[in-house]
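The structures come next, written out as structure tokens.
What follows is chain A paired twice: with chain B in the first complex and chain C in the second.
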Partner chain A sequence: MAKFREQAQFDSSAQSAYTMLPWRFTPLDEEGYVATNMAGEYVTMSASEVSDFAGGALRPDQPIYDELKSRHFLIDDDTQVAIDLLALKIRTKLAPLANFTGLHIFVTTLRCEHSCPYCQVSRANDDKREFDMSEETALRSLDLAFRSPSPAIKIEFQGGESTLNMPIIRFIVAEALRRNETARRNLAFVIATNLAVLDDEILQFARQHDILISTSLDGPADLHNRNRPRPGKNSYEKAVEGIARARTALGHYNVGALMTTTAASLPQVRAIIDEYIRMDFGGIFLRPLSPYGFAIKTKSYASYDQKKWLEFFFEGLDYIIELNLGGFEFIEHYSAMVLKKMLTPLQTSYVDLMSPAGMGIGAVVYNYDGVVYASDESRMLAEMGDTTFALGNVHDHDFADIFLGDALLEPLEQSFAASVPGCSWCAFEPWCGAEPVFHHATQGDFVGKKPLSSFCTRNMALFRGLITRMEANPKVRRIFERWANIV
Partner chain B sequence: MTIATGDARTVTLSRAALSVDAAKRAAYALMARYDVDVAVIGDDIVCRLLPANSTVSMETAERDFRREVIDQDLRISIEERTAPYRDAILGLAFSRTGLQDG
Partner chain C sequence: MITLRGRLTQFNLPALERGPVIVRLSDRTDRPAPLSRLEAFIHHRGPVPGGFGWYLVKDAETLALLPEGAAAAVLSEDFQHLADGDVVRLEPAKGAIRTLFRKAVAYNHFLLTERCNNYCLMCSQPPRAVDDGWIVDEVLEALPLMDRAAREIGFTGGEPTLLGARFIELVQAAGSHLPNTALHVLSNGRSFATGSLARDLGAVRHPDLMLGIPVYADLAHVHDHVVQADGAFDETIRGILALKAQGVRVEIRVVLQEQTVPRLVPLARFLARNLLFVDHVALMGLELTGFARANLERIWIDPVDYQTELTEAVGILDRAGMKVSIYNSQHCVLEPSLRRFARRSISDWKQEYIPECAGCDAQSECGGFFTSAKFRYSRGISPIVKAA
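Up next is the complex of A and B:
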């Protein structure tokens, strides 16, 4: 007699039919599909597996059966625990919503000494002081920031060139720290700066208050200087020198950089990545242009299409994967944020990938003049004359007016991805964002027709590209799993 | 049944086999490529496909549309059959958050 009973004796799966739990499927390529459950966990399936599963014809001895069962796509007599686990995972994903607004962007000035044609923040000449934030506006903005229930409050200073109004940055930091003695939030500060006017006093101040620096680096010198003109034509030299000085003063990892893709960047993705490696950054965020501000006025946004950007992105991603496979660790940050949503029960705080949208409830902008915008993109739109997402003014409105008003709640409600055409039946919806500002800017309504949306087509291509790569190569999957757990 | 007229294609679907909602969803999903007019005539769903712009080839229009309708019909069926579980799971996820009535 055998010492142990057969494995099948412990498995009740075969005893009765399975029950499907909610799931969605979307084509991956000509042959296969991606299926996701309510928490965004995915499996790849053939067309016949999709049809068999949906039709109740899947057999427990088929390999896909256990895969679907382990990822809570079905329950059977063997286990019913999937319902509780799914609920727990959904609750974990949505938990950050209860914290409300964590990122508070203070536009200290619109002045800037750069004149970048792609600038998404319509800049002002650097001698026009009427575009500076006043102390009174700063105080009222801080009133609102500290009304947020978020246990973590990050105050980010943006411009123009934010440091051209250094007195208000000093004032806001001092006042926020004073208020936080009683508010006791996890308070952090970031200065977004092109580093061109950085001096030792600013660095000393940043070091004293643990302020992070976020800057722009578009790639090698010729590309960066072409993209980012300034008097002296030395934006790159200023940025590189500033990064080195800031790292010395603040610590290597307290200085971050972002790039923007222009038409001139398209043939140079490897050179751009190499520049980030040369500058000893741990990763890069390959970012397309956004349809706002000077990027529209100067036609920079229209200078390349989606197809070209995706070719640029995937050439860059494959190069980065190649580096990692060769043992050199380097991250593509947008992919990493998507992978976090695909491979973990956690969310990213990146507002473009949030649904409900991140506008207002993930991040909010206090403009130099006291107008409160639902997002950075919202104020860019306002600079073009469209004030749809202006939520109020710190001088005239209180917290409830601004955060419970129709200007915020209507776009949030209307654009909620799980209930809009195109998204509600899309398997990629758990990983995607609602983006009402983008769709309003490009199509004139908060929801947008998704098949015509470049945000939708770009993300769909990206999701498929990531899945295809990790399904084809287990080593790539391990790299992606690492990325998902870093960001 | 398919009738081709110039660049237009007319695809006829049986209401006994497929839902009108599936045809409407397919028309939505393919709007970047085809303008689709959906009409119910007797027991049939009659869909007229036209190119959405001058760059669209109509060679595969009927195949694309039929595949999309079948996918959408299956999605609707899954949604209907799993709706009680969806409600139960969301109910559990939001329990004890104070966000529910009652």
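Up next is the complex of A and C:
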């Protein structure tokens, strides 16, 4: 039997200098730094480790050396395969771009019987059909939707209250199914509804075509009814009862709920979470409020700043972590989407955290009147008089005009965070988005100055908050690993 | 323990006049003549039909019952397990028999070559630089005789891919002759690094193929030390990428030993991040044969001493949605939360229980021991007694 060699004989790390692969670092807290590689894998490092590594002075016997080597921050004489793996991870991250637009939002009507002050777009309920989508507009919108190369096409009906125009929803579903007999996409439908006018006939229709229901639930009755006024002051009761009916008809997991955060929400994050638990949801998306539409007009956006929202968010997150540590599984979805980027090679389809931005190529909006918008926020901006992100009209423009026109490509080209000042050297860039619509709305510029951007402030705090929590407690890390891998 | 190769007590004279043969066994007296001429009749009791090419009997007295001039062998005690549908190689001149395929077991495997380009510290089948190309011919001849209802067969070594084009030929033959049988290949993956062999393998489009490939650490030098080959880690990883790019399914195999446990958790994280697309991860206890026995003191770590690392590693892989299994472990030394990942992975012919297992209620779920465990087993072995 030949002699076996010792491990040290296979370790040539010390034989020559290491080569750094692209990496970035950003302060994490008073003492430490967080460093990321090109694909978004991170390590926490001390200031002296950062300095040693950056200066080419890190020694193989320092424990951080192996961690940096394992996570593809460096290569040395031992191994070069890190470059293959890094390239593969970058390709994996960017691969979904080739699918192009997957989410197609159809605004069936602007009419709504709610009059929520934070709503960006709805019109008080009247019988004016001028705010309804016509069959002609629907057909031309479907032409565009099926031109998308995406193997999965999701059609989401929004409003107003989308179901106030059921005839067009039925028309679009029937027509999409007919076209899909030859188009052969993975076709799905979602109805976004406040559930207040949802009758059994609609549920029967939804059941027949496997249509998902997405609704609003802002928290406990007081808060919900205050946020979402309607005649009868019973929005909450309608929503709760509607969720139960919809689950019975469609199945528990086919009914989702989203909350909107307002100034009134801020002191009661636990009560909001408890409401979601009471309603038997598996998680909650603690959402920031967007700065568009009525939300700005009524000052409900300016009425609380990012700091207050962050306090609200982290109080909620810590409460949810506490529940999970106690054995009750419950997910915070904003964190889950960020953690997926931090801890897995995969991407989320959350358009706010896409780089390049998801506008137009992640989701697109066909308004009731045939105007095509790059995103939901784009149409809200248009309602305020700024039509920068109106990409065209289904009646006047074809697929190339709309999806290859300057109105979309200009902001998209400026939405690669990796090439943006303030982002290109940020360690959090691999996880972050670009949000050209937001920065245009708030700063009049697709890129914006990041130190003035509340989007940047919020996400930086979120990234740091998630990292410090999982670095401090391995049990939290395990919970986060689970969240990161929910689909 | 069941013996798979050995000397027969006796071949009769007509047998000695014939050369070596690979032959399928049948115990059916109503076998159609065109088939029985090509087969060996295995006699258990009762009358002996005529027309078979060969006869295998249990004792010398039975020879008298055979047709005039029939070629026959008397099976030794060790080979009484042979049964209908099994495939054996008979070598009358050497008085030898080898079992190639047993119909009754779920998994039959074939060692394709003893040559290898790794030299693993714990190799259970130490490589030899010999010219053993005859093995390929033998397996190619045996494949068409095997039961097409077989659930799974395996190709092992040595390193089967060192056979190059002949390896591809074997996979092709397995897929063609056993289209409903899964094929599992144990390889170190290095031959696939440059891409061309992976392309050839992908082009076979075997209906149910899995390559089991070892990755022992996230750090190249730790892996290279275990396999005693510089540069092996990079080649193995590139090989896995090339195989998956060709749509070939890959299972990562990690042997749990003194050298691999310290990097087990980082390895799990590495796999989840870089190789999320592999089809299975198997975390495997040691089999104490071959080099593993010679290097016992160097490689042994008691399983009770790595349960923390194992729990964390399995958790990382499981939470990442990867399919993960623990092989070659005993239930009583596993963290209870890990038992659902444990598989009964030890082949029946080398699986045993030990005296300490007496009175254990978990034996039916437990994988038991390799026969070789007598050289060392965990201090944590003790019966699991379930509440009545």
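Criterion: the second predicted complex is superposed on the first by the 476 of 487 C-alpha atoms of A that agree within 3 Å, B and C clash if a C-alpha of one lies under 4 Å from a C-alpha of the other, contacts with A are read in each partner's own complex, and residues count from 1 in each chain.
Operating definition for what follows: contacts are C-beta pairs under 8 Å (C-beta built on N, C-alpha and C of every residue); 3 or more make two chains touch, one makes a residue touch a chain.
Computed from a predicted model, the values in this text were never measured in an experiment.
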Give one of first, second, both or neither to describe whether A:Glu41 is in contact with chain B, with chain C, with both, or with none. second
Looking at the overlay, does A:Leu164 come into contact with chain B only (first), chain C only (second), both, or neither? neither
Determine, under the contact definition given at the top, whether A:Gly422 touches first (chain B), second (chain C), both, or neither. first
Could you let me know whether more residues of chain A are touched by chain B or by chain C? C
Once the shared chain is lined up, is A:Asp84 touching chain B (first), chain C (second), both, or neither of them? both
Touching A:Arg5 in the superposition: chain B (first), chain C (second), both, neither? second
Quick one: is A:Leu94 in contact with chain B, with chain C, with both, or with neither? Answer first, second, both or neither. first
Considering only touches as defined above, state whether A:Lys69 meets chain B (first), chain C (second), both or neither. second
After the superposition on A, what does A:Leu452 contact: first (chain B), second (chain C), both or neither? first
Just to be sure I read the superposition right, which of the two partners does A:Ala54 touch: chain B = first, chain C = second, or both, or neither? first
Dual-contact residues of chain A, meaning touching chain B and chain C, are 84, 88
Touching residues (chain side chain B, partner chain A) in the complex: 25, 28-32, 71-72, 74-75, 77-79, 81-83, 85-86, 88-94, 97
Residue ranges of chain A in contact with chain B within the complex: 19-25, 27, 38, 50-51, 54, 83-84, 86-88, 90-91, 94, 98, 421-422, 425, 449, 451-452
Across the complex, what residues on chain C touch chain A? 119, 121, 126, 218-222, 224-225, 228, 230, 233-234, 237-238, 241, 259, 266, 269-270, 272-274, 276, 291, 294-295, 298, 315-316, 319-321
Parts of chain A lying in touch with chain C, wherever the complex brings them together: 1-2, 4-7, 9-13, 41, 66-67, 69-71, 78-81, 84-85, 88-89, 343-346, 478, 481-482, 484-485
